[in-house]
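Here the structure comes first, spelled out in structure tokens, and everything after it is commentary.
Going in written order, the chains are labelled A, B, C and D, and every chain counts its residues from 1.
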Amino acid sequence: MTEKAVDAALSALDELKIELPSWGFANTGTRFGKFIQPAAATTIEEKFSDAAQVQAVTGACPTLALHVQWDIPNGLKGVDTVANLSAKFGILAGSINPNVFQDQEYKHGSVGNPDAGIRRKALDHILECVKIAEALGSRDVSPWFADGSNYPGTQNISKRIGYFEQGLKEIHAALKASQRLLVEYKPFEPAFYHTDIADWGMAFLLAKQAGPQAFVLVDTGHHYQAQNIEQIVAWLLHHNMVGGFHFNDRRYADDDLTLGSIDPYQIFRIFHEIRMFEKENGKTADIAYMVDQSHNLKGKIEAMIQTVCTAQELYARAAMVDYERLLQLQEKCSLVDAEETLRGAFWQDTREIVREWRVARGLPENPLEAFRSSGYSERITRERQEKNASLGASYA
Amino acid sequence: MTEKAVDAALSALDELKIELPSWGFANTGTRFGKFIQPAAATTIEEKFSDAAQVQAVTGACPTLALHVQWDIPNGLKGVDTVANLSAKFGILAGSINPNVFQDQEYKHGSVGNPDAGIRRKALDHILECVKIAEALGSRDVSPWFADGSNYPGTQNISKRIGYFEQGLKEIHAALKASQRLLVEYKPFEPAFYHTDIADWGMAFLLAKQAGPQAFVLVDTGHHYQAQNIEQIVAWLLHHNMVGGFHFNDRRYADDDLTLGSIDPYQIFRIFHEIRMFEKENGKTADIAYMVDQSHNLKGKIEAMIQTVCTAQELYARAAMVDYERLLQLQEKCSLVDAEETLRGAFWQDTREIVREWRVARGLPENPLEAFRSSGYSERITRERQEKNASLGASYA
Amino acid sequence: MTEKAVDAALSALDELKIELPSWGFANTGTRFGKFIQPAAATTIEEKFSDAAQVQAVTGACPTLALHVQWDIPNGLKGVDTVANLSAKFGILAGSINPNVFQDQEYKHGSVGNPDAGIRRKALDHILECVKIAEALGSRDVSPWFADGSNYPGTQNISKRIGYFEQGLKEIHAALKASQRLLVEYKPFEPAFYHTDIADWGMAFLLAKQAGPQAFVLVDTGHHYQAQNIEQIVAWLLHHNMVGGFHFNDRRYADDDLTLGSIDPYQIFRIFHEIRMFEKENGKTADIAYMVDQSHNLKGKIEAMIQTVCTAQELYARAAMVDYERLLQLQEKCSLVDAEETLRGAFWQDTREIVREWRVARGLPENPLEAFRSSGYSERITRERQEKNASLGASYA
Amino acid sequence: MTEKAVDAALSALDELKIELPSWGFANTGTRFGKFIQPAAATTIEEKFSDAAQVQAVTGACPTLALHVQWDIPNGLKGVDTVANLSAKFGILAGSINPNVFQDQEYKHGSVGNPDAGIRRKALDHILECVKIAEALGSRDVSPWFADGSNYPGTQNISKRIGYFEQGLKEIHAALKASQRLLVEYKPFEPAFYHTDIADWGMAFLLAKQAGPQAFVLVDTGHHYQAQNIEQIVAWLLHHNMVGGFHFNDRRYADDDLTLGSIDPYQIFRIFHEIRMFEKENGKTADIAYMVDQSHNLKGKIEAMIQTVCTAQELYARAAMVDYERLLQLQEKCSLVDAEETLRGAFWQDTREIVREWRVARGLPENPLEAFRSSGYSERITRERQEKNASLGASYA
């Protein structure tokens, strides 16, 4: 590793901030049942408290994404509580995530529902989220639309495009100048025949029509098998349309596994495309990096720390790519050398560099160990296990 | 349509019996929440009652698959209740389905768990299911193993093969001569990195080692994208290893959509392979056809009736394939003519034939309409909606 | 079938014109070798002659797509020859297909090549194709770009987007007012890591930037596993961006099988989306339907006739969907009824209707039989087999 | 890295032998055309010569897989030539690969063809290959069967299983005691509807029935999307049925990219399963590792050297897994720690260790550089380019 490369890695680490999701500290599962952990968080205070632990040992996670229905069920009236917790735990409110999929009336869609009343209700909820975001000083409103259908013919795909166009325009009109609307796409689940915003092309067109403060959100697990995610990222960057990422990994569907657990080389390549874009354009890409995983069986806080460390190690690798050399080799179509220039950066073991960076910033050298030896886990297990044991987890 | 073909279809319809799943009348959903229907069944009596409605209008569904944990929670002690309901509603107990995935202790596996105590518990439960099946006169014990892992390295794939070999042998040893053990496979979900019985090859080898009364169960939704299911069926038939089917359809993953809703031609081709096997071997394949769907949004009973009708219409098509002609054309590699001989049978609209068959058997001409006009749906909606409204459906 | 539905089918059949590809009469294969047929066409005259046979028996195929490098190797100078053959055989020149993938210098790309000289050569070839199209009275210029790379890092994905934007703009600028540029997308093959125009989103954005006469071409085989093609078509129609189709079917990759051979229900659903769009907007969608198959083993002309008949039968089904009823059921979320309204149209056997339509138009009732009894196949087999036998087919 | 781990890596490198494929030095391409390289090998002598270069700089490739039809077109009569070249270049003849897919008469299958005469011809060719292997002292006969069909109904899947069972038994009966038959599987291409030996289950059953000297060959590119290859390897190892590997990588289909170019973590995990098996059973798995790539655009010899180096670096990582610790963590279901124990070995940069190993064995520290500075590439380019330029590469 050259000194220049190491410096690039260290300064990249300074820049990388990763938002934690409040729901990542809660119990999760599959349709076959939830997996209950005694130490899982069930209140917004517990979620802030747990996030603060991750931030304490990693120093890279200053914000917490909030899910309005689960975390701020009283809506605007609940903002003060959140603000107080934010101050108490030193964690800022991050992106605001509306929920227009959980209520039974959304079973045929929210903003794309054929029923105008349900569309209205969904939009009103999101508009309130915009206000909540404003009140909390959060920049990004990040709705995920589960809208779709399960059987051919049961919904009018075409009309629903129109409903989404109208709805997102209305939401965009309510944004303050400092706010952004992030439009997420996902091929399937919970809808199994068609999902209204199924791929990046659909998200792109809707965001474009909504207005200049709307951008696309890329969830790394929301793609078809074999799809080239880094290429999609390159296209979105090219059009200045990347708003943020939801980090996770997957093997089959939207498995929501921890980042880099299945295909770390792909995550590295995504980071590389972003770094390339930044170097070629001489500016930092304004991207919100967020974790969105469903680490069902791993300890919630441990999984989060592991994810942040993995992201840092892979990001450091991407920062160490010899960009000038790579450009020249690409230009000449020197295939083997160009590939090794990129892959060689991936082969590097950056764990030591990230450790050094931590020490230099006054952070624990080994965040996972630091967390484990803190006694926090034992304490919350004691405090929460009784309450958690009473939670239903059954599918049937 | 030749008269011979129509006769073949009619007699095929006489033979086709389709088992209904008790859980197909209950509320289902995705990991994002259950979809609550006011008329969904929540008790074993309601499930028998609903199944009897399907049988009344289709005449093709004499049995009900039971899920021990959900339907017979008291185990052997609950057998009498089931037997009484069976008599009351004129629906026989069908396959007995153990549940070794729902309890929290199975989160790292059941029969494949590294903990010997948990393996024991899982086996004991299945052994009790064998006895329950015996007591109810059910032939098939049909465990589904959700066993697997979410991350590389976290479980020992190889050792777990051994655990499964031992476990299934023990279960097999407990079977009465009239009983069968059906081994199901599934590539993923709820495990996302490895599933212990992931494909037909693994199920085949385990069943073979378990003993001669063990067979493979093919769930039409449990395959990789693009996998040729009818070819797998042909292989299993060739080795006399098809025990049964779980009918459903899918587009992406194990979507559990209603049969024939996404790719009806494929279901037809599966039926065709079975018919071919039967003709070439001059015997009926001893296959348990069972529905296993998660029709989240369709009315439970309506979806079941629709499924049975679709199965009948597709089965009738398969029965009408001109077998002798097809064989000759295949022999000569007359591609276009062979294909049209098969596909031509699929092109045929068999709805009228199935209607005629129903009338001749004293069944309602249009089962769905007959059900709708029976008033049953309105009655159970009234009776059940209050109880169902109180059910939790939340993910968070 | 109601009279109204049958009338809709008959008038739909009048409208449906399907362009044949010149290369569909030639020998094709896989990378493991070409499959040689004694009667395959190897000259442009033979291709016109064969296409005329398909038109003679189907009456639905008035045009022939031409591949410049293979069919008009002398470029503009070869236009007269083509025009004469067109007149001689009564088949109009259809879409003009440039070839910027076959020459060795395109191995790292054509319009996306890092070498400006190669980009120039590729553009010049396409610009000549625009002129050829003009000279032949062809409306559509339809380049397929095989551009891409095989290994991460070897090409600069981002820069290549820029090259394509520039290139397509230049091509668009050369179009006459009556001409169109069709931009095709394909996920992979022959490039295996990244393909510059990999999906409909990329094709859409490039076409939009190129100018108002640029549209997207949908090849039914160029999608990821499980992708919902009819939804993509709905989106493109919504934005008035569907230029044309390449018809074929597939199971795994871009298999180029004959239309409707693997998943006929999907083709029906695509037709349905188009019909819905036309009804909702009160206008005919201006779409060029073209066959693009690689029926390696089926007789070339037979496969083409089979394809046209299948397309007609499926299109007739789509025309018979009870549109008003479907809209109402979708509006009310009557899932089972809406589904059956759509799928019921698919269940219908339209072969008799298409036969009637043929008879009424003075066409042979059974096109395949008519072709077979014409003696044409025997004649060209005699005439061409010697020449074809000498063709190399080896991979190694 | 502990000393113990480094020692394990060094000794693992001593053991790892990788067979090169003669066809990997020849021009290859896709169905759209071959990519011609001026230095590609076209004769068996050139292939031996090129393989010797790879062996000279890597020391890990003592054998060359031979393709009978391409390399030994005169069959048994050509054995002496091969033996002489083997001696001349110091490269042993490796696995013997029959070709029963290239001749036109195999277009509907070889050993699975409905025509008994063609089945006979195919078997005779393979039987001659067994004799060739014997004469050359090669242990493994490794046929790949492209057999299958493109359209439903056109071939009798079931009968063809029987033909394969008979055929492989006959081949097995001809094996000398020291020989092995390797049965390869592949989901599709060149057949697009069904492939007779499509997955590991089919290969397993056929090999088992053929006899005790038949084993399964795993080509890393011959799987469905998302299939867990290391799990399949674990199953095959468990049944002592792994005969060998064909190394390559893929993103979409059977892309035949260079090993570890797309998903290096997966290759590492495959190696890990093999190492685990060896440790748990205290014996070396008797596996033939072979390269089988179609590096169309990379320099043939360079791509081969790169592949061998990548395999060594990944194999060294697998050798460094702390096996005892991993077993304990798996036993306890310590998910994060178990995962990090495995993935931590992957994170390690083993390039330095492999370099040290090379130096200690008298090999060039950097094989690629050593090859490049040898002048060999320039020489063969001069010598071969004229001949190669005259080769046809066209698809049409």
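Points worth noting:
Heads up, the rule we're going with is that a contact is a pair of C-beta atoms (placed from the backbone, for glycine too) under 8 Å apart; a residue touches a chain by one contact, two chains touch by 3 or more.
On a predicted model such as this, the values are computed, not experimentally measured, just so you know.
In terms of the stated touch criterion, the partners common to chain C and chain D are A, B, listed by label.
In terms of C-beta pairs in contact, B-D outnumbers the other of B-D and B-C. Centroids built from CA atoms put chain C at 40 Å from chain B. Those residues of chain A in touch with two or more other chains are numbered 108, 150-152, 187-188, 193, 225-226, 228, 251-252, 261-262, 265, 297-298, 335, 339, 343. By the touch rule above, chain C contacts chain A in their complex via residues 108, 114-115, 150-159, 161-162, 187-188, 193-194, 198-202, 204-205, 224-228, 230-231, 234-235, 237-239, 265, 269, 272-273, 276-277, 280, 326-327, 330-333, 335, 338-339, 341-343. Taken together, the chain A residues at the contact with chain B in this complex read 23, 26, 28-33, 35-36, 67, 69-70, 101-102, 104, 107-108, 146, 150-152, 187-190, 192-193, 225, 250-253, 255, 257-258, 261-262, 294, 296-298, 392-396. If you check the complex, the residues on chain B that touch chain C are 225-226, 228, 251-252, 261-266, 297-299, 302-303, 306, 313, 335-336, 339-340, 343, 346-349, 351, 368.
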